[in-house]
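Two complexes, one shared chain (chain A), two partners (chain B, chain C).
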Partner chain A sequence: MRLELGYLFIEDVQFGEETKLENKTLYVNKDELVNLIKEDEHFEKVDLELARPGESIRITPVKDVVEPRVKVEGPGGVFPGMISKVDTVGSGKTNVLKGCAVVTAGKIVGFQEGIIDMTGPGADYTPFSKLNNVVLVCEPKEGLKQHEHERALRMAGFKAATYLGEVAKNLTPDEVEIFETEPMLESINKYPELPKVAYVQMLQSQGLLHDTYVYGVDAKESLPTIIYPTEIMDGAIVSGNCVSACDKNTTYHHLNNPVVKDLFAKHGKELNFIGVIITNENVYLADKERSSNWTAKLAEFLGLDGVLVSQEGFGNPDTDLIMNCKKIEQKGIKTVIITDEYAGRDGASQSLADADPLANAVVTGGNANEVITLPPMDKIIGDTSYVDTIAGGFDGSLKEDGSIVVELQAITGATNELGFNKLTAKGY
Partner chain B sequence: MAKIKAVHYINQFFAGIGGEEKADYKPEVREGIVGPGMAINAGFKGEAEIVATIICGDSYFNENIEEAKSEIIEMVKKYDPDIFIAGPAFNAGRYGVACGTIADAVHKELGIPVLTGMYVENPGADMFKKSVYIVSTKNSAAGMRNAVKQMVPLALKLAKGEEIESPEEEGYIARGVRKNYFAEKRGSERAVDMLLKKLKGEEFVTEFPMPDFDRVEPEAAIKDMSKAKIALVTSGGIVPKGNPDHIESSSASKYGKYDIEGIKDLTKETHETAHGGYDPVYANEDPDRVLPVDVLRDLEKEGKIGSLHRYFYTTVGNGTAVASAKAFAEKIAKELLSDGVNAVILTST
Partner chain C sequence: MVKEIERAGIPVVHMCTVTPISMTVGANRIVPTIAIPHPLGNPNLDFEEEKSLRRKLVERALKALTTEVEEQTIFEE
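After this line comes the complex of A and B, so read on.
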């Protein structure tokens, strides 16, 4: 399967009479987009704001971040099973608005929405401070249940990203990257001397606002399976969850999965990137056992030499992570796992909820409990009144002058477990 | 910058006063340098100076901890030093505990930087490595030269308030503290590099060494439940409506203890969840789903259990540090024991 990603670089975003891309500036017709989102009867009010890198803006509570894309050639469309039909994606050509994103915000859904600061110390911890953001602020109708609210906001993000992506349908990209995965046997014949490596991606599926969708299927209702890496790059997996902001994989993370990219970078040179096994993080022990057995079984079946496992969330999914690692290692396949830590505000507590000596190769996205002070910003998009109660916030987090003292946990994408960031931790 | 002032603490043995027979030697301060202080002072090369040495017998210290601590702190205070150095104690157990205790106390009471040194298996190391920088030494005084070589630069850094690097770089015993920093490469690339090394059988360094897990053996089962007093404890965040003690939705810093005397059923009017890690709709509609007071009242009425304890304990398990959870549990368990509770039903989310 061969996918061409065409990047159109966005260096600024502005409101305009027509939604278009011109001279690296994305112009957005505000009314048109607001009206599109308002078609959803669950919203009382929808507003649109812009936030650019370096501006003194704080966006909170943030639910999802989505990169605008459009299918240019080949089967399927963006966000299959959500916006487009479920045709297989991952081949042909897709154009990407690189350097911008749709951010969904507004009244809190659960307790686990996050903060994006566009400047200051907080901006260093979130990758989304570097993007030109089109922020949807959606207020739900009175009495809407959380899961309905989550769904409405999730779909609003995809709709907006699809709408914006359309501007690039007939444009020539500034840069093109090609990714290809061959059928397994061909790939093995082509690189007989290279170690066979796959990526085991654990999808957040604890339920109750912690869900991930694959071609529209709720991951908790699926068994582990195999997927082409280019399908992930083409939008097959999307976020539908409200797990702590720091280590939830937004849809943007899925579309730009760094493990997929970095394995492709070494493919055919130092390793043979066979494909991706996706598995879930369900809460019942039987589900955990079954899924980790299945993952190890698939890894063995594929004849792998090495596996990279990434996690999403923390606490309960730590057990899935360790089970996957242990069972795959027991098949004689080398593993590296990517996680993050909850070592307490002082860093002195135990970092994970589960451990095993076989997990001897760990990459960490840092300690999510570490506390940071975010200075006041000139402009707030959304509402900071939830800061005391979001995950990572505490009584008195929000100061009178508008500054915020929170754990990194509250910053969207801060300790990402796909290895999206440079942040890490070491022992002292 | 003025010359850095150091105060040094040693025991009766290293002061040349005597061995075990002199271990009850009371704290004494001498202006200037005694015993191993010579080597340390020479190592400072004029940048710092030991202005006083405090000598105390190991038995005296360990048998009169409170008095010894306050006497010594008074002595230290008089010299207003920039750094307090104790030992090194090598593998001498009581000396190591004394060095750790007094260094910790000086740091806490006077707020000045402190440093000691000992062998990693010295009981004082485990007791104080979290709060005091302890240079890792050999197990006998034969390692004095090496110990001094490590302690001198670290003492100077601490005195100057400079940033302390990792245990490997500075030579101290790991304190078990995790600190964030920005690496040169992103995590996914570091992971791919690590996997390639592991596949080739090359040496690689994990970013998080797996901890030893604290596994608890379950107690024996209760034989006669009809006489047992049962308590409900939850990490599912059920609290009286309005969360009166403001238990955090995640990374909880406290737990709550609430009276359920006379309550037969938790309802959406009386209780709710403070937990931020799951969709609260079902828990809020009927909090018994997380904290089953209703069922236990039925069992109580039917005589299947002796009684339901008058209080339930609750916290939020969402990202709450294990150390916090352990501290909560220690307090809760103590109270449950003194209230005569025989068994606990521990619910999560």
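After this line comes the complex of A and C, so read on.
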């Protein structure tokens, strides 16, 4: 399966009479996009704001971040199973608006939502401060149930990203990257001397607003399976969750998964990137056992030499992570796990809830309990009144002058477990 | 908490869903429960069934509490 990603670089975003891309500036017709999102009867009010890198703006509570894209050639469309039909994606050509994103905000859905500061010390901790953001502020109708609110806001983000992506349908990209995965046997014949490596991606699927969707299927309802990496790059996996902001994978993360991208970069040179096994993180012990048995079984069946495992979220998924690691190692396949840490504010506590001697190669995205002070911003998009109650916040987090003292946990993408951010720790 | 209470000489039963974590942290008597969001109940059952389920879990825990153990033990029944 071969995918061409065409990047159109966006350096500014402005409101305009027509939604279009011109001279690296994305112009957005505000009324048109607001009206499109308002078609969903679950919203009382929809507003649109812009937030550019360096501006004194705080966005909170942030639910999802989505990169605008459009299918240019080949089967399927963007966000299959959500916006487009469920045709297989991951081949042909897709154009990407690089440097901008849709951010969904508004009345909080679940208590685990995040903060994006566009400037100041907080901006260093979130990758989304570097993007030109089109922020949807959606207020739900009174009495809307939480899970319906989640769904409505999730879909609003995809709709807006699809709407914006359309501007690039007939444009020539500034840069093109090509990614290809060949059928396994052909790939092994082509690179017989290279170690066969796959990626096990754990998807947050605890339910109660902690869900991820694959071609529209709720990941907790599925057994682990195999997916082409280019399908992930082309929008097959999307976020539907309100798990802790620092280490949840937004839809933007899925589309730009750095584990996938880096494995492609080494493919055919240092290793043979066979493909991706996706698995879930469910709340029943039997599910955890069954799913980790399955990933180990698939890894063995594929004849792998090595596996990278990434986690999403923390706490009980630490057990899924350790089970995956242990069971795959027991098949004689080397593993590296990618996680983050909840090691207390001083970093002295045990980092993960579970452990095993076989988990002997660990990459960390940083300690989510570390405390940071975010100075006041000139403008708030959304509402800061929730910061005392979001995960990572505490009673007294929000100060009178508008500054915020929180754990990194509250910052969207701060300790991402795909390695999307800059934090890590090294042992010497 | 389990370890600190036991250190004070009082036996503890850890009732939890993810028993591997309980094993890792060093609980001695472990009773597996239903699910992480609802360890001691099951919203899918009707009232009477759920009451019976809860009683069984508590009785199993009490039995575990009064059972001598030589090593970390999971009380499946």
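Things worth noting here:
Definition applied: the second predicted complex is superposed on the first by the 425 of 428 C-alpha atoms of A that agree within 3 Å, B and C clash if a C-alpha of one lies under 4 Å from a C-alpha of the other, contacts with A are read in each partner's own complex, and residues count from 1 in each chain.
The definition used in the following text is that a contact is a pair of C-beta atoms (placed from the backbone, for glycine too) under 8 Å apart; a residue touches a chain by one contact, two chains touch by 3 or more.
If you're wondering where the values come from, they're calculated on a predicted model, not measured in any experiment.
After superposition onto chain A, the modelled positions of chain B and chain C overlap sterically.
Of the two partner chains placed around the shared chain by superposition, chain B and chain C are both touched by A:355. Of the two partner chains placed by the overlay, chain B and chain C both lie in contact with A:208.
In the superposed pair of complexes, A:19 makes contact with neither chain B nor chain C. With both complexes placed on chain A, chain A has more residues touched by B than by the other of chain B and chain C. Look at A:323: by the touch rule set out above, it reaches chain C but stays clear of chain B.
Shared-chain residue A:305: touches chain B; no touch with chain C. When the two complexes are overlaid on their common chain A, residue A:88 makes contact with neither chain B nor chain C. By the touch criterion defined above, A:56 reaches neither chain B nor chain C. In the superposition on chain A, the residues of chain A contacting both chain B and chain C are 206-208, 353-356.
Per the touch definition, chain B reaches chain A in the complex via residues 130, 164, 166-167, 174-192, 194-196, 198-199, 204, 206-211, 213-214, 246, 248-251, 253, 275-282, 317-324. For chain C in complex with chain A, the touching residues are 17-21, 24, 32, 34-37. Every residue of chain A that touches chain B in the complex is listed here, in rising order: 110-112, 124, 145-147, 195, 197, 206-210, 243-244, 258-259, 261-263, 265-266, 270-271, 305-308, 314-315, 334-336, 338-339, 341-357, 359-370, 389-395, 407-409, 416-428. Interface of chain A with chain C (complex): residues 206-208, 283-285, 288, 316, 318-319, 322-323, 353-356.
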